[in-house]
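Shared between the two complexes below is chain A, which has chain B as its partner in the first and chain C in the second.
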Partner chain A sequence: MAYSSIVYLLPFLGAVVLLYNGMPKKYRWWVLLLASYIFYWLNSPTTLIFLLLSTAAVYLAGIFLNKIQDGFDLSKKALDKEGKKQLRKIVGWQKKAICACALLFIFGLLAFLKYYPFVSENINQFLKLLHLESTLPSLKLLLPLGISYYTLQAAGYIIDVYRGKYRADTHLGKVALFLSFFPQIVEGPIARFDQTADQLMEGNRSTYQNLTWGIQLILWGLFKKMVIADRANPFVAEVFKNYAEQSGVALLVGGVLFTVQIYMEFSGCMDIVIGSAQLFGINLPKNFARPFFATSVNDFWRRWHITLGAWLRDYVFYSVSLSKGFAKLSKKAKEKLTPFLGALIPSAAALFCVWICNGIWHGAGWKYLAYGMYYYGIMLLGMLLEPLFAQCGAKLKLNREGRAFRIVRILRTCILVVGGMTLFRAETVGAFGEIVYRIFTNFAPQHFYDGTLLHLCIDGWDFIAIAAGCAIVLLVSILQEKGYSLREQIAGQNIIIRWSVYLALILAIIIFGAYGSGYDQVAFIYGQF
Partner chain B sequence: MEELLEILENLKPGVDFPAQTDLIEDHILDSMSVVMLVGELNDAFDIEITPVDVIPENFKTVDAIYAMIQRLSDD
Partner chain C sequence: MEKSKNTLLSCVVKSIVFILILTLLLLGLSYMMAPKDNTKESGIINPNATGFYSEPKNSIDVVVVGNSDAYSGFSPMELWNSFGYTSYVSAEGLQVPAGSLAMLKRILTCQAPKLVILETDGMFTKTDVSQNIINAFNSVLGEPFSVFRYHNRWKKLKWKDVLRKPYYTAHCVTKGQMLSNKVKEYSGKEYMIETDEKDKIPPFSVMTVDKIKELCEENGIELLLLEMPSESSWNYKRHNAVKEFAKERDLPFIDLNLDRDRFDFDWTTDSRDGGNHLNTRGARKVTRFIGEYLQKHYDLPDYREDPAYSVWHEDYKEYLKQIKI
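Moving on, here comes the complex of A and B:
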């Protein structure tokens, strides 16, 4: 039941909204929890058990952490300073052990179910090279729906409790709903407990504004997904499948179109997800902030899949870079090297951990690891060359804050991102290498205008629909970037203008959307992680 | 406060730190520079800034950073 399907949008979501509002306030969270488990069961019945196990693990670990903290708070009153210090040390270890057990359990499930086939295959190949006969059994494992998302939410919750950011919640239903809320279970956004849990339990009635704004956002998401992303999909699929037969131009256009496809699809899905939650008056964290206006790769990752980036920053980057081991490394680096390198090396090492995690989070395969390393390499190079860029800029008297320089930086970032997305979409790292090679050695510029591109599964009308759709999204993005709140502007208009906009959007989806015969419903790319 | 300003100015030369109202939102301090700053502050003020303390509210302005240092020094 994809978020863009009629089954989800009308019978399912409609019924949940009606039931939710028909229930007394204190029972509304039950509707959401039940709907979430039904949604999960309908999509992935055999793997629901893993969601339940992860929920139970972090719930119980949280309760234990509360008990240990309460015991410490009670005992410390009767102790002197030295006694408190000793007890704090013991309690610290106990809390660390419980947190580690919970994390090992939930990440163990994720690692086994998602990465075992990849790891076992590589180990077996390695053993074969050494002429050893023992091999790891190859298992066909079902990947639980949304495991990469709910595992990060569960880990964030238990780490926050361990760090003392808030106390663990004793309400099992609240923890269960936080981890399973149906609009976000498949593709995120990866929320924090203190962002959504209370809202989910409040049970506020759906107001007129919540309903209209939610529907607006769902329509906007459907427009991006069905008019642009799904229409681009046949071209992208063909080019990347038969890359060895394509010219450089076709491969380049394929890379650009895949970048457009994945953005429209993922951000469109987030619009449907956030809009769905808004129908119940629940505000989920945003996951996109117009990433193609980014002036650097770092800036791009602050605007693209924001909740994943923030999760990796808070729980990997800061955990590693602020650890005692890294503090020592930093000190030594400062003493023995230049101050610049002394500051750079520990950050670079912590950043390496972040990008390894980012790469393997996206999937079990060498190309995902390479994808993480691609961005790590760019960022590292940027950090190393920054003093040089600054010097050159000063010598050439470049206005690095000026508009022209900003546009150049945006274009440069877009090119780097298209490179990264091409690697992401290529079947293997080797295929990516060949695609790049063909772009440079077999460019065939005449394919731009001789009609070759119009015979790669989509025709001229498809290209026109994609271009028109992108132009509308670009216009809206420019207005948003300038600070206009389009939704408020539309809501402030009279009923004729307001409904004209809504009807235009609905008609655009019906007329230009890619569906019906000749189009398979395209699965959300990020739903497969 | 003067020591803090000196550290900040060494980290990001040319920024008028006391005049800034949001060092995080305005991207003057990103996660990299926050880590570098934390290392400097830990050494200079003999405190231990943990990941829990690394939240935007504690690094938003010079006053917020100073208040965090004071709080951690008292602990």
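Moving on, here comes the complex of A and C:
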């Protein structure tokens, strides 16, 4: 039941909204929890058990952490300073052990179910090279729906409790709903407990504004997904499947179109997800902030899949860079190297951990590791060359804050992102290498205008529809980037203008959407992680 | 309290008006986007299956609906030549009962068949809830809201086509049958092994075939359930399920997978793809057998001597040329 499917949008979401509002306030969270488990069961019945296990693990771990903390708070009153110090040390270890056990359990499930096939295959190949006969059994494992998302939410919750950011919640239903809330279980956003859990339990009635704004956002998401992303899909699928037969131009256009496709699809899905939650008066954290206006790759990752970036920053980057061992390394580097390198090396080492995690989070395969390393390499290079760029800029008297320079930086970032997305979409790292090689050695510029591109599963009209859709999204993004809230602007207009805009959006989806005869429903790319 | 009641009322009224405007726009767009002819060039989906639009009004007495088994295995021209019955195959690849129901409704806009033959293989096609909703919508409101089927025609839409009335000109010589002279034998084991076990017919299929039955009854049409020979999609469990289904509803059911010697059927020569679909040779044998059954059980007129149907003789000659006999 994809978020863009009719069964989700009409009978499922419609029934949940009606039931939710029909229930007394204190039981409304039950409707959301039940709907979330039904949604999960309908999509992935056999793997629901893993979601329940992860929920039970973090709930129990949280309760234990509370008890240990409460015991410490009670005992410390009767102790002197030295006694408190001793007890704090013991309690610290106990809390660390419980947190580690819970993390080991939930990440263990994720690691086994998601990465075992990849790891076992590579170990077996390695053993074969050594002429050893023993092999790891190859298992066909079902990947639980949304495991990469709810595991990060669960881990974030338990780490926050461990760090003392908030106390663990004793309400099992609240923890269960936080981890399973149906709009966000498949593709995120990866929310924090203190961002959504209370809202989920409040049970506020859906207001007229929540309903209309939620529906508007869902429609906007459908526009991006069905009019742009799904229309580009046949071209992208064809080019990347038969890359060895394509010219450089086709591969380049394929890379650009895939970048467009994944952005429209993922951000469109987030619009549907956030809009769905808004129907119940629940505000989910945003996952996109117009990433193609980014002036650097770092900036891009602050605007793209924001909640994943923030999770990696808070729970990987800070955990590594604030660890004792790392502090020692940092200190030594500052003592023995130049100030620049002394500051650079610790950051580079912590970032390495972040990008390894980012890469493997996206999937079990060498290309995903390479994907993480691609961005890591660019960022590292940027950090290394920054003083040189600054010097060059000063010598050439470039206005690095000026509009022209900003546009150049945006274009540069877009090119780098297209490169990263091409690697992401290629079947293997080797295939990516060949694609790049063909772009440079078999460019065939005439294919831009001789009609070749119009015979790769989509025609000229499709290109026009994609371009027009992108132009509309770009226009909206420019306005948003300038601080306009388009929805508020439209809401402030008279009913004729307002309704004309809404009707135009609905009709655009119905007429220009890629669905029905000749189109297969395209699964959300980020729903497969 | 009064204020909140008024606000609620205003919201409900606004929502209803909005939906009404949207519905009117969709109806208008459906008219504009719908193909105005039934030729392939007009953009109509499955032009072969929709050739009945351009047959003279109420000239078709037997209509066959179902999936590819039906358009491969039933030969209207053979039925015409041997019995003088007029028939049309409005089957489509992967057509499920909801698709058959929608097709039947379209047929009834211009034809008044005396008999509908439903090929039963499609009853077992598994569809998910989403697909069932779409199918149900298409079978009930698919025609007035054809914009959902033909939305992609915006690419080829011509201004002169937008507002003109439909005028159907296609002429399908085979009357919906797909001809294939290819022979690929099936040489595997006998697949109809007698058993008491029954396959389950998906509830949505049961519901939809009941709707087809209702529609037929309302229009005074007889309904016949038929299963074409098909090794890959049929078995005894399915036979038992449809037999029971037909018995409960007092509908006749012919399973041509049983006693195939009755019509001299031979899997080594009569299939085009190794046992899934029939070729023209198989279709001729099967259709002659069906014709005998129709002759025995129904009172269908023989039009062979009727000058108004002379074009059918011409079509039969063309059909013979196409099947290279």
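Quick note on the criterion: the second predicted complex is superposed on the first by the 529 of 529 C-alpha atoms of A that agree within 3 Å, B and C clash if a C-alpha of one lies under 4 Å from a C-alpha of the other, contacts with A are read in each partner's own complex, and residues count from 1 in each chain.
FYI, a residue touches a chain if its C-beta (ideal position, glycine included) is under 8 Å from a C-beta of that chain, and two chains touch if they have at least 3 such contacts.
Fair warning: this is a prediction, and the values are worked out from it, not measured in the lab.
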Chain A as common anchor, with chain B and chain C clashing or fitting: fit
Which superposed partner A:11 touches (first chain B, second chain C, both, neither): second
First (chain B), second (chain C), both or neither touched by A:120: neither
Partner chain(s) touched by A:461 [first = chain B, second = chain C, both, neither]: second
Partner chain in contact with A:1 - chain B first, chain C second, else both or neither: second
A:164 touches, of chain B and chain C: first, second, both or neither? first
Contacts of A:513 with chain B and chain C, given as first, second, both or neither: second
First, second, both or neither for A:208, with chain B first and chain C second: second
Closest Cα approach, chain C to chain B, once both complexes are overlaid on chain A (Å): 39
Residues on chain A engaged by chain B in the complex (per definition of touch): 163-165, 298-299, 313-315, 317-319, 321-322, 327, 330-331, 343, 346-347, 350-351, 383
Residue ranges of chain A in contact with chain C within the complex: 1, 5-7, 10-11, 208, 459, 461, 499, 502-503, 506-507, 510-513, 515-518
Complex interface listing, chain C residues touching chain A: 7, 11, 18, 21-22, 25-26, 29, 33, 45, 128-130, 133-134, 147-149, 151-152, 154-155
Parts of chain B lying in touch with chain A, wherever the complex brings them together: 27, 30-32, 35-36, 38-39, 42-43, 49-52, 54
